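The same chain A turns up in both complexes below, where it pairs with chain B and then with chain C.
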Partner chain A sequence: MSAVAAKPTAGSAMNPAAMAIGGVMFLILIGICYFIYPIGVMPLILIVVGGVLIGFGVHFVPVGGAPAAMGQAPGIATGVAMLAAGGGLAGLFGGAWAAAAGQDALVVVITGGIGGGLMMAITCMMVNFVYVFGMGIPAASGKVAKDPITGDTQAEYKSQGTEGHGLPFISFVGGVLGGIFAGAGGTLIYLELLEVYTAALPTVMGITATQVVPIAVSAAGMFAVGMFLVNAVLTAYNITGTIEGPHDPKFKRWPRSVVASAVASALCGLVAILIVAM
Partner chain B sequence: MTVKVEVIEGGIPHNKIMIAGIVSTLVCLYLTYLNVLTSTEMFSFFGGLAVIAALIWGSHTIKVLCSYGIGTGVPSAGMIAFGSGVIAMLLATKFGFYAPIVAAVLAAIIGFILGYVSNNILNMKIPAMVQALTEMAVVGALSLMGFAALITGGFTFAGLTTGHVTVMGMTLLTHEQSFLGGCLIAVAFLLGAIAIQHPFNACLGPGWTQDRMLMLTAECGFLSMLVAAIMSFALISTGSALISLIIAIIGWAYTYNEYMVLSKRDAAAWLDAKPIPEVEGH
Partner chain C sequence: MEHIVFGIGITALTGALATVAGSAEDTESNIGSQGDPNSQVQLAPQMGFLHRIFNKAVAGEPPAYGLWCALGAGLAWAFMAMQFNAVLAIVLGSVLAVFVQGVYATTAYVGRTASLSKFGQPVYVDILKSMTTVTMAHAFIAIFATVALCQLINGALGHPFPLPLLGLVWGIALGAAGSATGNPYYGKERQYQNQKFGAGVPISASGNIVRYAEAGERNSLDNGWFTTKIGGSAAGVCFGLIVFLELWRTVLFEQVAAGWGAIVVGVLMILVFTVIDRYIEVWARKNYGPYTEAKEASS
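Up next is the complex of A and B:
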């Protein structure tokens, strides 16, 4: 970030007043959609669900940042936004492929989740491969004494002066879970927008349903990518820096992120739906 | 969290850059409207100049925001700028002639709400957050509109979704060979997102100087314009695309050269660098 490695210390405290205002804003946005374009309300709510899945899922992903690149903190050595984009967009591609093959919504969303999870699994495995065989460091968590899943003790493997290093098992599992949530969320957004556009764009533009397909796919995909990045960056702001996975104390901040993602997705989803209502 | 670790010393104040940025971007975008008035596509290159003006403003906004140590890396700022910008821009194209102004207003509303969400709900508590996210959404929307004008010659929804293909002498209307239907917008998205976040990411640190960073932004902008100008050969006439390409090449060569001069100037000055100043409250 800056030359003085100032650790961001945005508190983990909740702000109840702001959360309440967020809830009211969310209801107002849904209400605007109901008055302008009533049949868009259900897709908008599912878009919000997708956005919340992204915001919640990103908390699972072990983000190491620059310290991880030097082997001084556990996690994958890049920022939250980049990792979420990698996992989530891979899921989006998988889901879009299933949607193009004419599968029903549930299969499409699950395919998207598997795409994202697979991407994160490969990333986590190759990261550990590089850590263990390239840098010669074992995987050890600095935040917990024992791995919550395997029960392995961590302290013996942790180098002094570091916060842990490598990618412990729990972080690996967290990464895959985060990829599944984020991939499924991104796909849900894409799918809902695609349905809205393929249904409404032919009459709006005065062209046939076949002609509208490339425009609907492209616009839905672009909006999905945009909303995905907005949600991922807001979650990155919530985490502020690095997180080890579901066992990290920072994980408890997720309620803030859920409210923020709901408001942001409702706002962006409303604008995206208005394109066929205006 | 609210510790500001880098202070702007000298240079042009941010508000001046912001006003100059939004005015020149909107003027350049409306100059592409000469295409409609003169029924040519020769003035498409003004779209590319609009992108560069917006990017210069945006990269300085990123500097203002990221000086606070938001802990998520500079690239995330570029991503949220274009993520929120693309949504505002696509809706705004429905408003025809008023599209650039609608895009700016709509993006400002989206950015303001996102800024409120990050500052209050997510408890970031950064003084510059709301203003910076508002500005960046506007920058993202206007840059994408500039790319659209550069590649297609216009910024209306109809222009972005329809193209023409010539088969055996006949001109047919098509929706696949268009800015939106062919998903050229995805390339434009990342060309802009990388160009906006790279300059501060590359120039940050105690040796940061404003003119060097802004020159690097202009260089990145012309490089993006060069790629977009090559893409525009598919959608507008060859002569018009060639004008954009030549302007992009000349602009890139000039700004690259200037940036190298400034880099060498600052590299020598680096020898005199003072220890990083301690900021109160840190």
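Up next is the complex of A and C:
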């Protein structure tokens, strides 16, 4: 069977033992933080929530990879981690701005989410624009007979010898939702790290709170971008290649990714917090 | 009021710079066959189709542009710290970043093509000499425009991120927008110009890319010329809209209702793009029609 003909086994490979080990590792990492830097536990837990939001959100993003660039498969013609990073970082940019304006934490996180969603909405719309007006190809899904939202039939709009092309409406909605989750998650990580650094750095470096702001913003921003990429790449491995969106059978694999993202975020977050604790 | 008018002016300028950056980025990546269509350029010799297409997939476009823009922004920031004029600093930073891009492009072309030697694909030195400089020129435009808009966001609009971090963030977003929008046009419409218009490339045709031009063999400059008309423009509009609307909603509405104003406007803009997308999708289904009758649809 060729790689093209092979169908994904859609979430059937959940490994309870691995999930349990992941859970134990997560608890150990939280425990280490509790013993070394107790006031960092709550930010660390929220950092993990941010990482999990990114990992979960990336599953929504319709990514077609190389086949999509030839109109052979639906989705956006780029890599999973790449696209999610583009959307999520645009969200992080907006969230960081709102944080600097002194807005409430909830407003900051939602602003980040909307920034990611807006980036994805524009990108998904332009993808369909190019397919339809540049290449004369209508959108069609290869994974479902009917679009779950609009009810449009898909099979007769697939051109011969392809798995579908473009972004059916469900994929567009998935892209926007993915951008919202990823943007909100990245912003939450940034916000928590900024809080930890702003509180701890004046003592650690022996400078005033005003002097510490640019350093705290830069360090929190860099760690947020890094942890964003960790979670996005981790999820890309879980997806293995391409995914059409929330209607794709591969979407059911998300629990595995959520556990992995929680452990990875806990480890990265612990390191990020410990640089000011030790 | 004056502050808001100034902010809107800067926002418009950044939107224009982003449009130029998006267009140059997509054209650069198409001339270099970076991004997903590279798979076909790499596959073609393995299927027996030797070609003279430049093949410089350094990495995916988003991380590549993340690197180059962060490098350009970081160097510009360092020059500005040395009291250089901001415009000169951005130009010098972008030039140095472009040299890194050129080194990557050269090693990528030589390395990737050499790996195809067992299939008889030669490394063309004239291609290396003529294409690398053209991709570098386009990369310079993309990096300069992106670093300049980052400087405007940081210096004039007061975003808290330092210039190098903004370069990384917007470089990755630039690569994501450019590759998402521009790749299908290059991958399907140009590389597979020999296939039917208005249909995807059948999987069985993979690797059979168009290798001949009106006169002689096709090279990547022809591809850049072709794709800049729609793929490059669309990528420019895409990145321009992203930057402009993200800044616009923040500059005008961030202070409304303690930040909720920017959120509501963002949601409304998402809904507007959702309606436009749905219109495009339905328009295509009505005007192009199905490929097969619904009852026969089984492929």
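A few comments on the model shown:
Convention: the second predicted complex is superposed on the first by the 266 of 278 C-alpha atoms of A that agree within 3 Å, B and C clash if a C-alpha of one lies under 4 Å from a C-alpha of the other, contacts with A are read in each partner's own complex, and residues count from 1 in each chain.
The definition used in the following text is that a residue touches a chain if its C-beta (ideal position, glycine included) is under 8 Å from a C-beta of that chain, and two chains touch if they have at least 3 such contacts.
Small disclaimer: the values here were computed from a predicted structure and weren't measured.
Aligning the two structures on chain A places chain B and chain C in clashing positions. Looking at the shared chain after the overlay, A:Ala68 reaches chain C, while chain B stays out of its contact range.
After overlaying the two complexes on the shared chain, residue contacts for A:Val259 are found with chain B alone; chain C is out of touch. Residue contacts after overlaying the shared chain place A:Lys158 against chain C, while chain B stays out of touching range. Contacts of A:Cys268 after superposition: chain B is touched, whereas chain C is not reached. By the document's definition of touching, of the two partners only chain C reaches A:Val132; chain B does not. In the superposition on chain A, contact of A:Gly117 is made with chain C only, not with chain B. Of the two partner chains placed by the overlay, chain B and chain C both lie in contact with A:Ser218.
Ranked by how many residues of chain A each touches, chain B and chain C are led by C. In the three-chain superposition model, chain A touches both chain B and chain C at residues 4, 65, 79, 82, 85, 214, 218, 221-222, 225.
Across the interface of their complex, chain A is touched by residues 1, 3, 5-6, 66-67, 69-77, 79-80, 82-88, 90-91, 94, 106, 110, 113-114, 117-118, 120-125, 161, 175-176, 178, 180-183, 185-186, 189, 204-206, 276, 279, 282 of chain B. On chain A, the positions that touch chain C within their shared complex are 4, 65-72, 76-79, 82-83, 85-87, 89-90, 92-94, 96-101, 103-104, 107-108, 110-111, 114-115, 117-119, 121-139, 150, 152-153, 155-169, 172-173, 176, 213-214, 217-218, 221-222, 225. Against chain A, the residues of chain C that register as touching in their complex are 35-40, 60-63, 158-162, 165-166, 168-170, 172-173, 175-177, 179-189, 191-192, 196-206, 230-231, 234-235, 237-238, 241-242, 245-246, 249-250, 254-255, 258-260, 262-263, 266-267, 269-270, 273-274, 276-278, 280-281, 283-285, 288, 290-294, 296-299. Contact residues on chain A toward chain B in their complex (touch as defined above): 1-4, 6-11, 13-15, 18-19, 21-22, 25, 65, 79-82, 85, 205, 207, 211-212, 214-215, 218-219, 221-223, 225-230, 232-234, 236-241, 256-257, 259-260, 263-264, 267-268, 271-272, 274-275, 278.
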